[in-house]
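Down below are the structures I want you to see.
Across the two complexes that follow, subunit A remains constant while its partner is subunit B and subsequently subunit C.
Our next item is the complex of A and B:
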């Protein structure tokens, strides 16, 4: 197993380099530059030149890339490793690290809700295949799957914040209530619901399919013919094996949620990584944009690895 | 219960042992496409989705033609308080623009972007997948690593970056960005088909007859490998349309006066209190479009797979 993980990590190196080259090129070869906003008649050409030098934009692209890439990986020791933000001059690393707790709250809680809701739903659907409850849930999950995140977010906001006035419109904390857990959870409700509805729609489908697959196996028939109670067959014998693919799903979902919650975070102005990324793109804050994309890419690679490792852990038939 | 297999598709493995072959002669032989049509229509949701898709496409072409410039023409005499009428079933928006015609124009934009983005996805995916699958060796290795890289990139964020930096509001940039990030699934599917087809008898036969590589790939292999691309493309329409709407919603897509489902949603957001229904119109249209595309894709997958059996 250890050699497998090491091999996978070595295989990941060219992919990480590829990701950084592509994102660096998109940022630097597209028209426009972050100092364009300073090019007004009141700013002297000398100042502009100084700014270009300050941001290191005067060097050739390969040199810029080399400097950025080699410095990028010193981030555990150096808070300037990812450069300084173009908008407020703060070290990018500090800016990003400050957003991680918010993103973890949002991701963690919505994942928890997803698991708690989707697994029982999927099991119920599989056990009562083709029943009315199965058909109704399938219909809802199909619609949920088709709903764009931002639209669902807007609808929830309109119904529960604007019309019923039950939940806050945006943000993480009410004014002067930073650190208040209840207040945080109150603000979390709508964004978590948005993410969870869409996740549950997908997850319950997987769970249903996986459970149906397991229920068809011979050992389930054996358990049934031994005269075991239905509940014991389903929860003790079938569920454990049906959960195996779900473990993989978890590894693939976490990275997608961490960077993919960008739209939900923007709809609710939730101060997480995704919202920071979208803002940085709007403001052409190159160092922040690059760091966000890199984090997203590395997360996906690690998530894939984690999924494969977890798969081997829960399923003894699989060895690497 | 007699089953008909129809004509075996080139390259498809025999679904049943050859000893049962006399049973096949009992039922009328059907061509591949007859079977496909039959299987597709048996999939009830897919048939409904096809009708829905046709309705959506026809209205996205017809209503903008009927309405002329109604989709962007502002008016001082009409407003949100006007009751809905035959000429404006959804009323007028804050600028006095006919919402129904604007919605249809937005639908047209979305479908156009979805269609062309998927064209890029299918084209790139087929080209890269077939090269990787046919040539094999280090070429295959390099191309598949490129696929891995693109798959690891946070897709939506990449599209956002590309569009924001290359020029927001430009339809071509949006189509290009969605196409360039979305081709990986199609490429993988085509490559898998090619790996299978390369060893099949009809390709070996073509090779033995001295057909050139180009001829083998274009005339023989690509037509046989196209089914998964068609399915992936149909499903891709849904993704592309939603991506475009999300871009517009974040302010990087089409800007008014241009109409798109996304920027209509952004506008509706400002009228949360007074016009709660405005947010429903583009949203429902978007969901119908996504549902139609995904059921169509599911139905096509079941219908085009020659290994699927059908009750005769």
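Our next item is the complex of A and C:
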């Protein structure tokens, strides 16, 4: 197992280089420049040129890439490793690290809620396939799956914040309550609901399909033929097998945990990485955009590795 | 029918009907099946795929899944009608007094639990044993079914064993509770010939040791000759012939049974070609009127448009065919007219 993980990590190196080159090129190919917002009649061309030199944009793309890439990996020791933000001049690493807890709260809690809700729903639906409960839940999950995140978020805000005044409109904490857990959870309710409704819809479908697949296997009939109660057949014999693809899927969800939920974060002004990324793109804040894209890319690689490792843990047939 | 009130009868099925309400129509997979299994005897159930033999077995276990349903008849075991008893009572019988092994050893064991765990589970559910005792029993069972190094094998997962070994594990699991009846649904079909012989030998030895009855489902007449005391031949959801094994082999009466016997090679016999039964099993959604076998039958006669009664052709030997006990077509004089036949059939089914 350890050799397998090391081998996979070594294999990841060329992939990471590929991700870097492509994202660097794409960021620089997008129309517009970080300097554009300064190009007003009141700013002299001299100042503009100074800014271009200050940001290093006067050099050729390969040189820019080399400088950025070689410094990027010193981030554990150097808070300027990812450069300075073009918008406020702060070190990008500090900006991003400051956002990670917020994003993890939002994505982590919503994933937890999703799993806790979706797995029992999927099991119930599979066990009672084509029953009324199955059909009603299927209807709701289709609606949930089809619902645009931004619209659901806005509707929840409109109903529960504006009209009923039960939950805050935006943000992560009330003024002066930073670090108050209850206040945080209160602020989390609507964004987590937004994400969870849509994710539960999908995950319960996966769980239902996976469970249905398992329930018609021969070994389930064997378990029943032993005289086991239905609950034991379902929760001991079927569930463990049905969870194998779900655990893999969980591993693949890990990147989403850190790249944040851009739309939901934007709707609720949640100070997470997704919100930061969206702002950075609109501002052409190259260093911030690149850092967020790189985090996303590396997390995808790690998530895949995690999924493969988890696969071996839950399925005794898989060894590396 | 066979002397059914014999005290030595372990299981008695009477007029069992198991139907499947499919989207295309009603499939009468088992349509009026009756037979019984004697204490300590092995009953072979033979027939082509789709003739209802597995459904009969699953009906006894009450493991018929939707859209299937037992719609009529009785299955008497230990003085109880298994069709009527509540679910929890059935669970106590299932896997305890009646166990079942299946055709596919490769897929019949749960891949994520060790073999020992799966055997111990049956024991601890029914025997009320603690985890440790059940574990010991599992290892003991593995050694009984001839698995070398049972303590180590008990810790292994099904995928680490060969097909033959897995079928041994299935047998160990089924027999761990000392059942009175073992239902074996094509237990050797998926195995190599040499392994088949080993598994059959094992089943024989364990049958003697545990003094249990076996209901052996197969399409392999060689397996029946090897194992069975009594034989039931099924065709399209009905029993068409029933007797002890020697009678069936020496004096088969029903043309279907004769066809089956003619289609297997025998040692010491020189034949260029094996006989085949022409045609296919009738579509269960659209069964012909009268005898279900008539379209494939070499002896078909006009009378076959009327369903023949299941009647004795010799003591203890029943057949569902109009042919005389000697196997000749009923002569014109004595052949029942269609009306007489209908009356006879009606009278028999009313009984």
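Throughout what follows, the second predicted complex is superposed on the first by the 313 of 320 C-alpha atoms of A that agree within 3 Å, B and C clash if a C-alpha of one lies under 4 Å from a C-alpha of the other, contacts with A are read in each partner's own complex, and residues count from 1 in each chain.
Heads up, the rule we're going with is that contacts are C-beta pairs under 8 Å (C-beta built on N, C-alpha and C of every residue); 3 or more make two chains touch, one makes a residue touch a chain.
Because the structure is predicted, anything quoted here is derived from the model rather than measured.
Q: Following the overlay on subunit A, give me a clash-or-fit verdict for subunit B and subunit C.
A: Because the two structures are overlaid on the shared chain, the partners are seen to fit without clashing.
Q: Looking only at contacts as defined up top, I'd like to know whether subunit B or subunit C touches more of subunit A.
A: B
Q: Where does A:217 make contact in the superposed view: on subunit B (first), on subunit C (second), on both, or on neither?
A: Second partner only, subunit C.
Q: Which partner chains sit in contact with A:237 here, subunit B, subunit C, both or neither? Use first/second/both/neither.
A: The second partner, subunit C, only.
Q: Angle at subunit A, subunit B to subunit C, CA centres, as a multiple of 10°?
A: Value: 70 degrees, nearest 10.
Q: Does the superposition put A:163 against subunit B (first), subunit C (second), both, or neither?
A: first
Q: Counting only touches as set out at the top, which of subunit B and subunit C does A:316 meet: first, second, both, neither?
A: A:316: touches subunit C, not subunit B.
Q: Tell me the contact category for A:264 with respect to subunit B and subunit C: first, second, both or neither.
A: Neither partner.
Q: Touching A:151 in the superposition: subunit B (first), subunit C (second), both, neither?
A: first
Q: Would you check which partner chain A:225 touches, where first means subunit B only, second means subunit C only, and both and neither mean what they say?
A: second
Q: Identify the partner contact of A:293: answer first if only subunit B is touched, second if only subunit C is, both if each is, neither if none is.
A: Touch partner of A:293: subunit B, not subunit C.
Q: If you take every C-alpha pair with one atom in subunit B and one in subunit C, what is the shortest distance in Å after superposing?
A: Between subunit B and subunit C, the minimum C-alpha distance equals 5 Å.
Q: Identify the overlap between the subunit B-contacting and the subunit C-contacting residues of subunit A.
A: Common interface on subunit A, subunit B vs subunit C: nothing in common.
Q: Okay, in this complex, where on subunit A does subunit B touch?
A: Residues of subunit A touching subunit B: 14-15, 18-19, 22-23, 26-27, 30-32, 142-143, 145-151, 154-155, 157-158, 162-163, 259-260, 262-263, 266, 277-278, 281-282, 284, 289, 292-293, 296-297, 300-301.
Q: Across the complex, what residues on subunit B touch subunit A?
A: 145-146, 148-154, 156-158, 160-162, 164-167, 238, 242, 245-246, 249-252, 265, 268-269, 272-273, 276, 279, 283, 286-287, 290-291, 294
Q: List the residues on subunit C that touch subunit A in their complex, please.
A: Listed in rising order, the residues are 61, 63, 88, 91-96, 99-100, 102, 104, 107-113, 121-122, 125-126, 157, 159, 170, 173.
Q: Quick check: in the complex, which residue numbers of subunit A touch subunit C?
A: Where subunit A meets subunit C, its residues are 217-219, 221-229, 237, 240-241, 244, 314-317.
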